[in-house]
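Remarks on the structure that follows.
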Amino acid sequence: MIYMAMATGFLLILIGFYGALTNRNLLRMIVAFTLANTGVNIVIVAIGYMHGRTAPILDAAVTASAAAARIIDPVPQALVLTAIVIGLGVTALMLAYAYKLYERKGTLDIAQYTDLKW
Amino acid sequence: MDALLPILGGLLLVGGAAFLLLGGLGLVRMPDLFNRIQAGTKATTLGTLLTLSGVACLQPAWGLKLLLIGLFILYTNPLSSQVLARAAHRAGTEKSSKTMVDRLAEDTGEK
Amino acid sequence: MKKLLNFLLLFATLLLFWVWLNGSLAADVLIIGVISAFIIALLFRDSLAVFSGLNPTPRALGYSVLYVFFFIKELIKSNISLAAIVLSPKLPINPGIVKVRTRLKSPMGRLLLANSITLTPGTLTVELEGEWLYIHWVTVESTDINAATARIVAGFEQYLEVMYD
Amino acid sequence: MIKRFITLLLLAGIGAIFASLLFTYVPDSELNRTADYYAGHTASDIGAANIVTAIIVTYRGLDTLGEVTVLFLASSIVGLVLSLGQKQHKTQRNRVAVGELLTTGSRFLAPLIMLLGVYVFVNGHLTPGGGFQGGAIIASGMLLLLLADPLRHFSHTLIATLESFSGLSYVALGVLGLFMAGGFLDNRILPTGTLGELISAGAIPLIYSLIGLKVGAEFSSMLASLSETEDLK
Amino acid sequence: MNILMTGMSAVLCIAMLGAALLAIRVKGDDSLPLSILAAGLVSLFASVLFLILAAPDVAMTEAAIGSGLTTFLFFFLLARIRGTAQTVDKNDGSALDGRDYD
Amino acid sequence: MIEFLVYVAAALTGVAFLLALYRFLKGPSAADRVVAFDALTIISITAIVLTALVEGRGIYLDVALVYALLSFLGVIVIARYMERGL
């Protein structure tokens, strides 16, 4: 299960890169970025998973004394939580810039953005 | 009684999953959008409700929260389907050739 | 006066929702629930609650219970008829959008009517406009307004009419 | 053509690295030292049942402060960039009218969604969820209001006030921890209480509620500024 | 019960890869909203996968933020770019057509 | 016995999931994909509840509640986008 999830995550990163590198539409590139972002998150969470253990939340099912033997690693989860929230901030910024570029140029095709070419 | 409840729960689970399957089948087989919405909404709503009640039979302590999820789905699922149907109709989505009457299109002056 | 009543209804609904979510009646849960429900009810004064517009008579309460049972019956019936349609190889459908009339005035009652119609045999509310409901029907039995109204709306309306005025 | 070739070559290289990572990976069977410390000490030191929350709010509290700052910057830059060069006069926006069903439904559902958000961030130390999720749910409730009435204008002053108030209180609570407990953002300025009760885990519910309000205000302002931007032709 | 979880995650992984490929490969008139929708679906499945990997906190974050708010932001931007100022012709086939934005 | 029934239920849900996914990938119109999206979300709620049942953790149910909310909002956003009301 871990290997499957991890392979999916890696493949998602590759698909995201491929999409970002081959598409010329700005919004499609941003979509591809979010895909790669999801892939990275899946890989990190899969690294934290341990076979036969359960979520790091103490309740009637997992008591505090038995915690160390029953829960999975909570650190990657905290990391990924942060990553997802920041991912939204980055996506929102990219979208705002895409809107401005479209307003200026009237197109989303990056082949038309030739200001820095000479 | 105590032995009967889990069996009932398991049967409800299977029944709910069967209705979900019917919903999926309807989604694939129905000819046009509105019929698909019908299949998608009704079957998945009842299927999920049955699944939730099955789980409630297996784990009675979760009953309250499961009931809340069920009520939420019961309220939101038809609502979103109606809004989608209205939008699709306004956008002029293709209707199946079997459609015999469309009063809404007549009244809004389309076609 | 009416505003105050609406506020209190909303507050009660929110508090009920809170206690239900938490699944406990401990003092700390209640205190935080009262505070947050009060603030949210204050912010959404013109909002609706399930009970707003509900007639406070015993008869309406009885009809609400009957309505729930009627609704569950119709839901199961609708799924069985849908299953029959989906599983038969010939797909016996005869779809169309018909127009029916409703007498209900209260917003909550109209919404519940539309939702109930969507979940009952072969019908889907497409548009609600004034007193007219436009309904997509998988197997159209009648295109006449009155006949279709009697067939689709009447069953729920007799309950909802008593519950909401 | 050559570009496509380079792309594929690059992807093949990255894919090879990923494959080697995947095939040499051996899952742990024991918790590592950090995780073991967190697992053993959270319940007694912090008093939070959700260990992820304990890490985010207390053990790694400073990181979360940074994260909230980044979000704040993102939302203000989005607002700034979108408002640059916008004509101030209100052009009439002929958007399709909202159906009655959606209006009624959203009037009913929006308060419940808000309360669900409050539930998620108040219970952050007991159940899955917390400030960020609760804030996102509150912003979704705002989105529902926006959908039901596209021309509604949220009071940006109210959102900004709420945002700065919760941000300031968050930092103030952190500084309070410096004086009354072990360090910046220490949650033990309040008694830790019994594990599993709603009012427990010291200041964690308070801090997470402030984070939730702040994040909700930030996301709402992002959505509102995107919604109020004029359409391009 | 372990087989159940493994099978469930296998189905989810396949679905995720399918939706991701759709998101970057879809061509045609109404391709942009579709690829956004497909990316939202990938996030949605990822969130169920997180739950199976015993990370409910991450699952909830991904559902509320990754799948919810990101998709909403994309659609808001798309609606701004599409331009509703032109007369809305109800009969123009599909409203999700891409004719006037790229 | 119970375990067997849970397996059967999960298998049926999986088939339903794949059918809805087929509709999503196939189309043909965008609205069809949205309907499939809605159905997939609802089926995911069942998957979450089954996961909670198998793992025996009641706290997972909160995630299902958030899902029920999101399926509704997502469909409404797309519907409003389609009818040019966003």
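Order as written gives the chain letters A, B, C, D, E and F; numbering starts at 1 within each chain.
By definition in this document, a contact is a pair of C-beta atoms (placed from the backbone, for glycine too) under 8 Å apart; a residue touches a chain by one contact, two chains touch by 3 or more.
Keep in mind it's a predicted model, so treat the numbers as computed, not measured.
Trainee: Quick one: how many steps at least from subunit C to subunit E, stepping chain to touching chain?
Mentor: The fewest touching-chain steps linking subunit C to subunit E number 2.
Trainee: Can you name the chain that lies farthest from subunit E, using the mean of each chain's Cα atoms as its centre?
Mentor: Measuring from the centre of subunit E, the most distant chain centre belongs to C.
Trainee: Give the label of the chain whose average Cα location is farthest from that of subunit A.
Mentor: So the chain farthest away from subunit A turns out to be C.
Trainee: My parser should flag the chain pair with the most contacts; which pair should that be?
Mentor: Per chain pair, the contact count peaks at B-F.
Trainee: So, what's the distance in Å between the C-alpha centres of subunit E and subunit D?
Mentor: Here subunit D and subunit E have centroids separated by 20 Å.
Trainee: Could you please state the distance in Å, as a whole number, between where the Cα atoms of subunit D are centred and where those of subunit F are centred?
Mentor: 24
Trainee: By the touch rule stated above, which residues of subunit C touch at least two different other chains?
Mentor: 21, 111, 114, 125, 127
Trainee: What parts of subunit D, by residue number, touch at least two of the other chains?
Mentor: In subunit D, residues 50, 52, 95-96, 99, 101-102, 105, 109, 116, 120, 127-129, 132-133, 137, 140, 143, 219, 222, 226-227, 229, 232 touch at least two other chains, as defined above.
Trainee: If a residue has to touch 2 or more other chains to count, which residues of subunit B qualify?
Mentor: 25, 37, 41, 45, 65, 68, 75-76, 79, 81-83, 86-87, 90-91, 93
Trainee: In the complex, go through subunit B and note every residue touching subunit C.
Mentor: Residue list for subunit B touching subunit C: 19, 22, 25-26, 29-32, 34-35, 37-39, 41-43, 45-46, 64-65, 68, 74-75, 78-79, 81-82, 85-86, 89, 95-96, 98-105, 107.
Trainee: Along subunit D, where are the residues that touch subunit C in the complex?
Mentor: Subunit D reaches subunit C through residues 99-101, 104-105, 107-108, 110-112, 114-116, 118-119, 122-123, 197-199.
Trainee: Quick one: in the complex, what on subunit A touches subunit E?
Mentor: It is residues 1, 4-5, 7-8, 11-12, 15-16, 18-19, 22-23, 25, 27-28, 30-32, 34-35, 38, 41-42, 45-46, 48-49, 53-55, 57, 72, 77, 80-81, 84-85, 87-88, 91-92, 95, 98-99, 102, 107-109 of subunit A that touch subunit E.
Trainee: Could you list, by residue number, the parts of subunit E that touch subunit F in their complex?
Mentor: For subunit E paired with subunit F, touching residues are 1, 4-5, 7-8, 11, 15, 18-19, 22, 30, 33-34, 37-38, 40-41, 44-45, 47-48, 51-52, 54, 56, 59-60, 63-64, 67-68, 71-72, 75-76, 78-79, 82, 84, 88, 94-96.
Trainee: Within the complex, which stretch of subunit F touches subunit D?
Mentor: Touching subunit D from subunit F are residues 59-60, 62-63, 65-66, 69-70, 72-73, 76-77, 80, 83-86.
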